[in-house]
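Look at the two complexes coming up: subunit A is in both, with subunit B in one and subunit C in the other.
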Partner chain A sequence: MGLGWYITRRVAWAFVVTFVIVSITWGLLAASPDPQVSQAATQAALQGGNPAEAQERARELRGLDAPLYQRYIDYVTGVYTLDWGWSQTRNQPVTEAILDALYYTIQYSIPWTVLVVLLGPLVGLYSSANQYSWKDHAATGFAFFGYAIPNFFFGIILLLIFGVQLGWIPVIYNTDVPVFSVANAIQLAMPVFVLVTGSIGAVMRVSRNESSEFMQADFVKTAKAKGVSQLRIYGRHVLRPTMVPLSTTIVGYLLFLFVGSSLLVEVVFSIPGLGRLLYRAIIAQDTSVVLGTTLFFTFVATVGNLIQDLVYTVLDPRINFDDR
Partner chain B sequence: MATDEPSTRFDSVDWEEIGGGRELTTNFIGVAVSVGALFVLVLYDVFVVPGDTPTFAAVGWGYDVTGLDWLFALSLVLFGFYGVLPLYQNARMTRYYWREFRRNRPAVASLAFLTAVFVIGLLGPLFIPSPTVDLFAKYQPPVGFEVARTYVINCAGPVVNGACQGTWQYPLGTTQNGRDIFRMIVYGMQVTMKLAFVATLIVIVIGTAVGTVSAYMGGMVDEVLMRYVDIQQSFPTLILYLLVVYTYGGSLLLLVLLFGLFSWEGTARYVRSNALAKTEEEYIKAVQLSGASVYRVIRRHIIPNTTSSIVTDLTLLIPGFLLAEAQLAFLGLGDSTVPSWGQLIAAGRSDLSFAPWITLMPGFVLFFTILAFNFLGDALLDAINPEAQAEAES
Partner chain C sequence: MSSPVETLNPLYNSEAGAGTLIEYALDPGYTWRPGSEYFPLAYDMTTDNGEVWVANVREGLQYGGDYGEVTAEDFVYQITQLHQSEWAGTVDAASWPSEVNVEATGDYEFQIELPNPNALYPETFDPYVYPIPMELMQPYVGNQDAQGLQQDTEILELQFTGNLGAYTLDQWNRSSGLSYSRNDDYYLKNAEGVPEVFTQAPYFDSLEVQVVQEEQSRLGALESGETDSAAVPPNRVSRFRNLESTDVYVIPQPYNEVCVYNMRDNGWTTGPGNLFRNKQFRQGLGCAVDKQRLVTGVFRDFADVEYTWQPRWSNWYPQNADVMQFGTGELYGSEATRSRIREAISDTDYSYNGETLQNPSGQPVELSLYHSAGQNTERSMAEFIAQEFGRNAGINVSVEAIDGAQFSQNYWQQQVPENTDQYEWSNGSYNAGPREVTSANAWDMTVVFGLNTYPLNPTTASVFFQRDSSYNPYGYYPSWNASELFERASNATNDQELQSVFAEIFRNIAEDQPMAMLAFPADTVGYAAGIEGPQENFFSGWDFPAWYRNE
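Take a look at the complex of A and B:
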């Protein structure tokens, strides 16, 4: 019953979770009227046709006349073989639409994640090294500001100030600029800034509280007594044990935030990424895209949880694998 | 749990005589009477009052009470008798908490702010008339602001250099329909309160029940419940809300139920781990040895002792609810019939370039509310839980 067995069980559990989520989403959609079927009926009624007949045809076309269990099996096999259906509004397979959108989402997600992961623990450490000084209070205030201000609202304000009033950043996202160019950096600066302020606060708080525990630990005092430099104490003796509890929260937390805030931030800054794909699909009632993006987001979240748990067990030798 | 056998042993305690058994406390009587009265009113609303007449038309109050209002009233009753009244009953503890709490100045300010939001939101709509559409008064700027004369039809204030100045008639300006933003924010406070109270009530009930049952039953029940909690935790809630709103439409009642039903996992976890830890404590063993029932142990000892973590968890959950509602409203998927802050923020989006106050005013109120909840949660953690390390934030 060692680490290997634990990891196997944990991965198997992640599969169970995705399966349950896939089933729940299917159930939710199966229990509600399909917007495209009713659309077909409305259209038929408007054109003087027989709405019931059109409805029937639309149902047949979309395979909704099959028995429930058959539809469920088809759906689940479709999900796991990456056959996620055809987008009516975009005229392309859903998987392709998701990949297209992912290209834009990644462009701001990577700088955002890197900044939070690098800066968060460092500022937290700095804060706890100067505990209760004005620097600490400033950092704390910033952290609170960051997670109290709604991301989309902050985005709107920044867009208003820097885009409309000052004209420093383009108001409309331009998809034509190359990825590694100054123009792209400028137009992504604001979304990245908004996301960083929104998510760095929690990381800072956790690392501040965790590292303040180690500031007075015996091994730090010993190191100090031996004449180890301050920088080395913070870097090697405080930061490293802090990273263990921090890394357990950071992965899942960031992925979770990614799912929620990317949607709003993309809509505000009109970035044609995953969040806006989902938003557009909801407005246009494109069920297969809604489903596809939803599944993608939930899979990301599940994988995030999985990684978080695995990292936790690998990093912290005190964890007992037997009772997870 | 050695209490289930018939108590014929010589050392058994006759709880009835001591009066510590199931005596009816003031709180319980108060809750029972109020909930009974509410229930009668609901029955009256459902069966006696014809469908489309306002509930209290008989006493001349033209407000049709909705299902959410009844839930809100219920949560207020429970909050009053189990949240506020105990503070009065245990005056000594309250004074102690207050002393601890007072040291944290931002938290005191936050509490004052939230109390103001609560009182104004609850009573304001009774005194302040609801915002009405008045197209001639559209785009009136707030006090201290001005807007180019071309955007407004009738400027309520003075016109200086072709710009319309704000007046105290519309302290926070008006929307593109000429609705008074100040009044809309007051009405929005009530929506916020409903959202916070009802969803919180659901979270407390389910979370505490699942947590304690899981901790006490153990075994298979524990495993199943906690695995379900795992799943719920890994489902990104905003996406779930979107999916449900997409399929079923987003009425405020549905949103509140959704928020409540899908955010109790943290509370359940807290309660469970706390209950497990507490059952090992000496005082729980002492209570069990003196013959207290499982229910009594949970109700009188475990739950009061987990209150600190529940309350802290909740003060951090509520801003999440408010944020989620605002986000959905911003995406145009909220309940557009309800004057919530989120709706107002979303309504101002198209006029940002010349009338930014429509979005900014409710946005800042929302921001300060969320900030206040965060400060409050932080301070409560320190004040209620003496074990937690004190962190002076001021």
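Take a look at the complex of A and C:
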């Protein structure tokens, strides 16, 4: 009845949450009119046919004439067997569309996340250790610059300078280069840089403020008195307690950025990733794709929260899961 | 390209952009070369009387795989079993009503018998068909499986094209673009009666089409030489013209910029009645906008002023007819506008209070004007119209941005009534009935949609001017006999007769002002210097397989 039991229950809970979201989304979709059906009616009217008959026929073709419970069961079965339907605006299976997009999103989001999670707290700690010095001001200035400048605008400026003027990076993202290649690293450098500067600010500021609290804490003074090295004091006695409150916000914050910022950066750098996929699907009312991407983000959010809870135990042994 | 295409299935594609991508790999029946000259690709079309058209399929056209040679039967099967069926719902269905009789008259010949003669039949693009193997379509016809036909991978990814296109589609990445490679077997290389330059075509080893949503990125790629072609917005043309590495071509288009008035019951939201229905009021509004300033200021002179439903470069433009030129000279200005509006409102409770037009409650007349969100040129045009209406007509206009798809769904298209029989007509969501049938949301004016003026065959534009046609979202009832005149044009047997009927039609349209006809913006397309082929006319691209790079 410890951590293992907790994880098991959380994973089971994740399935319940997904199921609830799937059901709500299905309900909303079932209640909204199907654009394909009205399109069929329009076409029939244009040809002098009977719009009502054409509508009925289109409903039959799409299985919309089946009883509601039957459609619900088919739908839920489809979701859990990864048959997420056909994208009307891309003319391919939804799972294929998501996997294709994910392939490109992962290539920049992993380095982005790793860099933010590693650099954010470190820069904050550095700032805190040198509080009110020019180094602190420089780090804070950097953080606020990245936070304040819109990713979209920053991306275009960098593209114009490094792509068009200097010719160091390609202006258009090339999907043909191998993932682990210098060419790919070069073309992803700018998107990752823009995303890191845009998201590191908040993490760095929280980490700076949190670690400032611990800089003068009794246990840090004790450690200093015992002659513990400066590096160890920062690494073990300050950074570790700092990470506990920080980790509560970081997953949610990164997820929020994942949808918003990644879309803008994908648009500027022409990366065919998840942000653009979702955006276009919403604009074009491609409900199967909207649903698929919603499910994907639900999954990432649930797993992200689970990982976050587990990280607590590692960072702070006082937290235990026996009573949960 | 700025956005990805939905489908490459020639049977279900309705977008011009995707049509161009399809035609890199698959030639259609025919095309048009400069001078409005018919240029046969898969088949040539001839007629004696305009009623029976004979299509001669070119010999030696081969599909890929085991599908063999293209024959007349493939076309006849496609037309009769798909386009004329009730189940398939292809985009060309409206072009092939059941009254059109199509039959094969030989291995390489089929004939199309029309219910009425039409001297401009190929110009309507109704008989514009892509060759598709019969064997590929047959299983879906047997099962009446429209969804299967739409999703068939071989059709969707153009895997059957053999020697039918200058390039072969290798890869279609839905979000990022398409790659093609040179088709060494392209049939036009050995065809007779084609310009010499086709004998070596195509000239490029590969073709890459990339989806780049952000305009700055597209222009950056053109400037840095990463791409050979991209659309250049009017305000950037002079910069790209000055670069040594690029050329910019100004290519006239048949699509106009119009400010459409909503004459249905949910239009004119500012008071009782709907003044847009009054011809004189519309003429007054026609006098309010300075079209030349619009063209110069908003379109940087890369557009022509529009007075009637035809561009001036068209063979059918009535050069000598007395077309009223609203928005120019004496037909522009505050006095010209207000005098007409005053007359139009003389028997209503609307009035001018000083400079401002007031509704019967004494409130200033305020109208909404929708434009597509994110389209800078369109926004500028809407703001210019709003300023001009304010200054010359005393009408306050609020400019609203909206997503094009949302506008189409909730404002432009009407809600089709449950019982359509109770209305005089109901022809689908773009004209679901008389003016009392309305869209879900009210609106006054819009510049979201530009419409086609069909310069090759203006009779096609008849749908825009008839009250019971399949396309009348704005509820226009002509004050002239549009049906009869278009009917006369359709049945004309020679060019002279056509010229005279079209002159009358265009004169009437200019006078009746069904909507504010403002400008014909040209496409401004940038190409890498040294690309030989693009031309500054409407037909540019007809010989795309013969384009080459002058090293």
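Basically, the second predicted complex is superposed on the first by the 265 of 324 C-alpha atoms of A that agree within 3 Å, B and C clash if a C-alpha of one lies under 4 Å from a C-alpha of the other, contacts with A are read in each partner's own complex, and residues count from 1 in each chain.
Rule of thumb we're sticking to: a residue touches a chain if its C-beta (ideal position, glycine included) is under 8 Å from a C-beta of that chain, and two chains touch if they have at least 3 such contacts.
No experiment lies behind these values; they were computed from the predicted model shown.
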Contacts of A:267 with subunit B and subunit C, given as first, second, both or neither: both
Partner chain in contact with A:170 - subunit B first, subunit C second, else both or neither: second
First, second, both or neither for A:144, with subunit B first and subunit C second: first
Touching partner for A:160 - first (subunit B), second (subunit C), both, neither: both
Contacts of A:100 with subunit B and subunit C, given as first, second, both or neither: second
Touched partner set for A:114, first subunit B, second subunit C, both or neither: neither
Subunit B versus subunit C as contact partner of A:179, first or second or both or neither: neither
First (subunit B), second (subunit C), both or neither touched by A:91: second
Common interface residues of subunit A - those touching subunit B in one complex and subunit C in the other: 156, 159-160, 164, 267, 283
List of subunit A residues in touch with subunit C within their complex: 35, 38, 40-49, 51, 54, 57-58, 61-62, 86, 88-92, 97, 100-101, 156, 159-160, 163-164, 167, 170-173, 175, 267-270, 272-273, 276-277, 280, 283-285
Contacting residues of subunit B [partner subunit A, same complex]: 227, 230-231, 233-239, 242-244, 246-248, 319, 323, 326-327, 330-333, 345, 349, 352-353, 356, 359-360, 363, 366-367, 370-371, 374-375, 389, 391-393
Residue ranges of subunit C touching subunit A (in the complex, touch as defined): 3-4, 6-9, 86-87, 89, 93-94, 97, 146-147, 150-151, 156, 173-177, 210-214, 216-217, 220-221, 223-224, 226-227, 403, 405, 409, 416, 420, 426-430, 470
Subunit B partner contacts - residues on subunit A that touch it in the complex: 13, 17, 20-21, 24-25, 28-29, 31-32, 132, 137, 140, 144-145, 147-150, 152-153, 156-157, 159-160, 164, 209, 256, 259-260, 263-264, 267, 278-279, 282-283, 290, 294, 297-298, 301-302, 304-305
